[in-house]
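I'd like to ask some things about the structure below.
Chain lettering (A, B and C) follows the sequence in which the chains are written, and residue indices restart at 1 in each chain.
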Amino acid sequence: MLNRCIMEMEGSMAKKLYSLTAIFTTPNEIIKAAKAVQEAGYSKYDVHTPYPLHGMDDAMELKETKLGFVTLAAGIMGATGMISFASWVASVDYPQVIGGKPYWSWPAFVPVTYEIAVLMAVLLTVAALIVFFFKFPNVSHPLHDTPYMKKVSADKFGVSIQAEDPKFNEKVVGDLLKNLGGEVSPVYYSEEFLDFKPQLFEPKFILLLAGIAVVSAGGGYATWNKLLYLPPFDWMMEQPKSKPQSHSEFYADGFAMRPPVEGSIARGFIPYPYKGKPDEAAKYLVNPLLPTKEVLALGKKKYLTFCSPCHGNFGSGDSRLQGQFPNPPTLHSDKVRIWSNGSIYHVITDGQNVMPSYQYQITREERWAVVHYIRTLERALNAKESDLQ
Amino acid sequence: MSATVIDYSKEISVVEGRPSAALLDGVITQPIDSFPQRNWLIGLAVTGTMLLIGGISLGWLLWKGVGVWGINQPVAWGFDVVNFVFWIGIGHAGTLISAILFLLRQKWRTGIARFAEAMTLFAVLCAVMFVLFHTGRPWIAAVWLLPYPNQHGVWVNFTSPLIWDVFAVSTYFAVSLVFWYIGIIPDFATLRDRAVTKVKKTIFTILSLGWRFSNRHWQHYERAYLIMAGFATPLVLSVHTIVSFDFAVSIIPGWHTTIFPPYFVAGAIFSGFAMVQNVLIVTRKAFHFEHLITLDTIEKMNKIMLLTGSMVGYAYMMEFFIAWYSGNAIERFVFINRAFGPYWWAYWIMFTCNVVSPQLFWSKKIRTSLLASFIIAIFINIGMWFERFVIVVTSLSRDFLPSSWGMFIPTMWDFGLLIGSFGLFFTLVLLFVKALPAISMAEIKAVVPGAQPLHYGDGGFHG
Amino acid sequence: MSDTHETVIYPKKELPAKYVQTGWALVAAGFILAAVSYIDDPHRAAYNNLIGFAFLASVAVGAVFYIALEYIAGAVWSTPFRRVSEFLAALLPFVVILSIPLFFQMHDLFHWTHDEAVASDKILQSKTPYLNVEFFVIRFVVMMAIWGLFYYLFRKNSLKQDMDKDQKHTRTNIKLAGAFLPIFAISISVFAIDWLMSLEPHWFSTMFGVYYFTGTIICALAVITYIVVVLSERGYFFQGIGKDHYYSFGALLYALTAFWAYIAFSQFMLIWYANLPEENFWFIARWKNGWEYVSVAMVLFHFWVPYFMLLSRPSKMDTGNLKRSSLLLIAVHFLDLYWLVVPTFHESPVFGYEEIAFPLLTIGLIIIVFAMQAKKYNLVPIGDPKLQRGMDFHL
């Protein structure tokens, strides 16, 4: 960091004058002094006070500050930006019906628009103030660290007329300030200030940037890639719940997967009402299908697939199992032929004697188709004369 | 001042006597430059303990989740939201004193504006803590509450008042911070020029950005200050209004009522002023600022508490009347339930503290008594906390369907975090008064009699 | 404290005759139109009468509010003009006069006076302890009596102070102001609920009192501002009155405009958001059949236009701009009342000679009453201890 200025160096060292300053002790004096300096035609001068004085702006004939325009522009930009963004999100990018309202509901966007307008207005005003209006940070101004500055930041008022001013003449200015009643003293540039040759890549600054980069990158990585994967932040990776096919401490048998509760049925499924009741099945069940070509083809297919191994291809009971399984009686017996369709359906569904239930292999519709086919078989093997016509 | 008759043709001086600027600098920087006193250290020990309790509660909360609190269905919002609204409300006083009283050209704000603004920042921090940690996974909420383009392709819901809160509180914090900082820059420069040690000098040099007290800068500075005050003022209204919208946009009886916005704002100012009053009475005694923060200031604060307390009372009356007027049985029930239901005790604490106690300030004797001011301010804070409790918890515990009714019973972790928030707030206040000037040096110098040139009258109104 | 002024010398001037003449012309025109409309269509005349009545009440009681506000806040910049508010408050008796025709039109105006409707509506029945004619009248009489009493006391002390320059009158008025403000808050809310909200007896909003209060104080301040600027330009006040005083008026009008927008938006948005049928019908009625244009006009001319007119610093000090803004704000208060009242009676907005009658009448009344008061009493409260500080006031 650059050093401040040196004050009043004795000796024959060459010093470059920055300005002549004068200290005053009352507000009225400094106002008078400011007016006098302004009227004398100086332009590169400044007044320094520990707090703003009323009337000083007029005394120095300062033009009205333009800061307000920055505020206006920033506020409008913030407002239009935010309402546009919110509108785009709600009506174009991801429209959702929220609260039954239309996609674009302007009353709901007012609060965020207002807040962002204010945020932009204030932040940009302050940024403009510091960077453009003050040209800060500037910690190496010639006036820093001088007795003049120390007085003026506490309780005195001062005026400083710069040597760069076109009308500057050390004696004239000195006399003017003395006549106004001020305590005059010169301020010189420090040697370091004059010797300062700014480089594009100032080593300390580059080091600072590098340091900031390392810290922010490292800190960011450590946080979002490491810290946020430690419990309890670990994105619900460890959850105390049962997974399929895992062991469970909770149940005595150790199975996490449980069978459905007794009496559960699948959705959309109506249980077979005549389980174990062949007589009622015989009485109440009616074949809902008509014996069309498609139905018979389906019935034939299913019969040949599921029934024919035991009952034979034509229902005669001539199983091709070669005695591995007891042969069923023929389906063309009188007993079976007078059974109602419901009985046949019931036997397929519920099983009978050695025959198991085929309800899981053959769907209900298919079963009715098989019934039609069996009836066809029966009729085929016991055809009447009338059938030929 | 309190015993004598006021002469209305003369302006009441903000500062007693005519202290010189140098003297003022000395008085204000004395707490910063001196070694911590015993009282301060004891205070810090107490608040530090409270903060520790809060830290433990927070750690347990993060580990186990929000189930450690007493919240449930139907009362899904408990101490978390009550404390959030409470602390945001406290914060508003700082901005009001700093910004609104500035716009109204009330010079008596000068002695208290700086630490009131600091209190705003600390209070908002406490509030943000609650609202962030009441989300189930705050480490995600911190990021997902902001609208940024992401791989999910989703955005935040701009129509939800909870998101309006995010924008409002963030803006409020940012603007308050900037406003406070710009205000301190001249003081940082003064401290830089007074600094004895190299460390302090370096720190203040950086913080002051190189401020040189140039009038060409003061001109822009004053305009910037006015602009920021002009924005901070509606921001106070808008932030607590948006907080009130959290409740008022719903259909829950007791929540859905159009007067909530100004009612909440008045309540916030009310509770905030009470907190500032408590802090300032202690501060002025501890740091010998009695001539800078006069009894007149304390009296004016009490008057504002009377005003805002009456506004809150008006809102209570209007809510109650309109609930009756609406003819809606459920609305009417809500108010009966508040006063006579299971949480009746909370309602009556609220009523006594909020409606009755500030009315004592009609008496000049009470208004100008330091002890009475301090005690009543504490009661007001208690009352305002209970007001939020009544609004949030009582309304949720008894909404439309009786089969859904349920009670909220706070757990020790609820209390732990509440205590912790007070610990955080007061620890920060204590640290602040030791590290930074508690009164704005530049501003106070400007309002001392004789500070301004005679052209505008002795100590005329400061813009 | 400047000690170059010892005694305050106030040169009393009379208002030009043409003001009074204009006032009488407006009153006459308004009265004739009103009378004709009563004969032609008493129903329509009734609700226009209501609008005029509410407008005049805004100006009159708003003026009393500003008197009390100045005392309680200890403000000095407004002290030189406080008498303007005191003169405007003298309109209170005329508010009562304007209310008289309304009491004969209660059945036309207020649905809750229809006994058959109430008998078949459980909700209306539950409101009858409040919404019945006797209690309504009592509330109004009490309200006007209280407002009248405070007006009388404020003025008595202020005028006495002109003579004896005793500070005790200021002390008394400050105490009165402290008592007035809470009473005013409640009474203006009751006024708004009774005369404006109960037009639609099924509707309710806790914000309504605040909404009407805000509109009232903007309107009253606009009238005060306009009068102060016009008279100040013609030298009726002191030489010291300058841009800093104007700036105060401008800043207050600007802030109140923003505040009104905030209150109006809050009331609207909360009802829109929850979308409850028991509340939203009131706003829906104001968004159909042409009323949407009036609603948009409200947003534009009650908020956006005056807000930007008074946004910049110089604009708040410019006398021409202040006059234009004040007139606009007075006009939009009429628009506000029109938007509050007429949708209850008309599906679509209507505008004819009937709607002009009462604005003319009330504006004329304001001018005449003010001029008559200014003739009898000082335009400036010369005995007020804060007067010097008020005149010296600088930003």
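Keep in mind that, in the parts below, contacts are C-beta pairs under 8 Å (C-beta built on N, C-alpha and C of every residue); 3 or more make two chains touch, one makes a residue touch a chain.
As the structure is a prediction and not an experimental result, all values here were calculated from the model.
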Where is the C-beta contact count highest, in terms of which two chains? A-B
Please identify the chain lying most centrally, where each chain is represented by the average of its Cα atoms. B
Provide the C-alpha centroid distance between subunit B and subunit C, rounded to the nearest whole angstrom. 34
How many angstrom lie between the centres of subunit A and subunit C, each centre taken as the mean Cα position? 49
Can you list every residue of subunit B that touches 2 or more other chains, as numbers and ranges? 234, 238, 245, 456, 460, 463
Among the residues of subunit C, pick out those that touch two or more other chains and give their numbers. 269, 273, 394
Can you pull out the residues of subunit A that are in contact with at least two other chains? 54, 68, 99, 101, 108
Given the complex with subunit C, which residues does subunit B contribute to the contact? 6-11, 103, 105, 234, 237-238, 241, 245, 248-251, 256-262, 310-311, 314-315, 317-319, 322, 325-328, 362, 456-461, 463
Residues on subunit A engaged by subunit B in the complex (per definition of touch): 1, 27-28, 30-31, 34, 46-57, 60, 62, 65, 67-68, 71, 85-86, 89-90, 93-94, 96, 98-99, 101, 105, 108-109, 111-112, 114-116, 118-119, 121-123, 125-126, 129-130, 133-134, 136-141, 143-145, 149-150, 152-155, 228, 232-233
Where on subunit C does subunit A make contact in their complex? 265, 268-269, 272-273, 275, 311-313, 394
As the complex stands, subunit B meets subunit A at residues 20-22, 25, 62-65, 137, 139, 147, 153-155, 157-161, 163-164, 167-168, 170-171, 174-175, 178-179, 182, 186, 189-190, 192-194, 202, 205-206, 209-224, 227-228, 231, 234-235, 238, 242, 245, 441-443, 445-446, 450-456, 460, 462-463
Residues on subunit C engaged by subunit B in the complex (per definition of touch): 1-2, 74, 122-124, 126-127, 130, 167, 170-171, 178, 182, 185-186, 189, 193, 204-210, 251, 258, 262-263, 266-267, 269-271, 273-274, 276, 278, 384-386, 388-389, 392-395
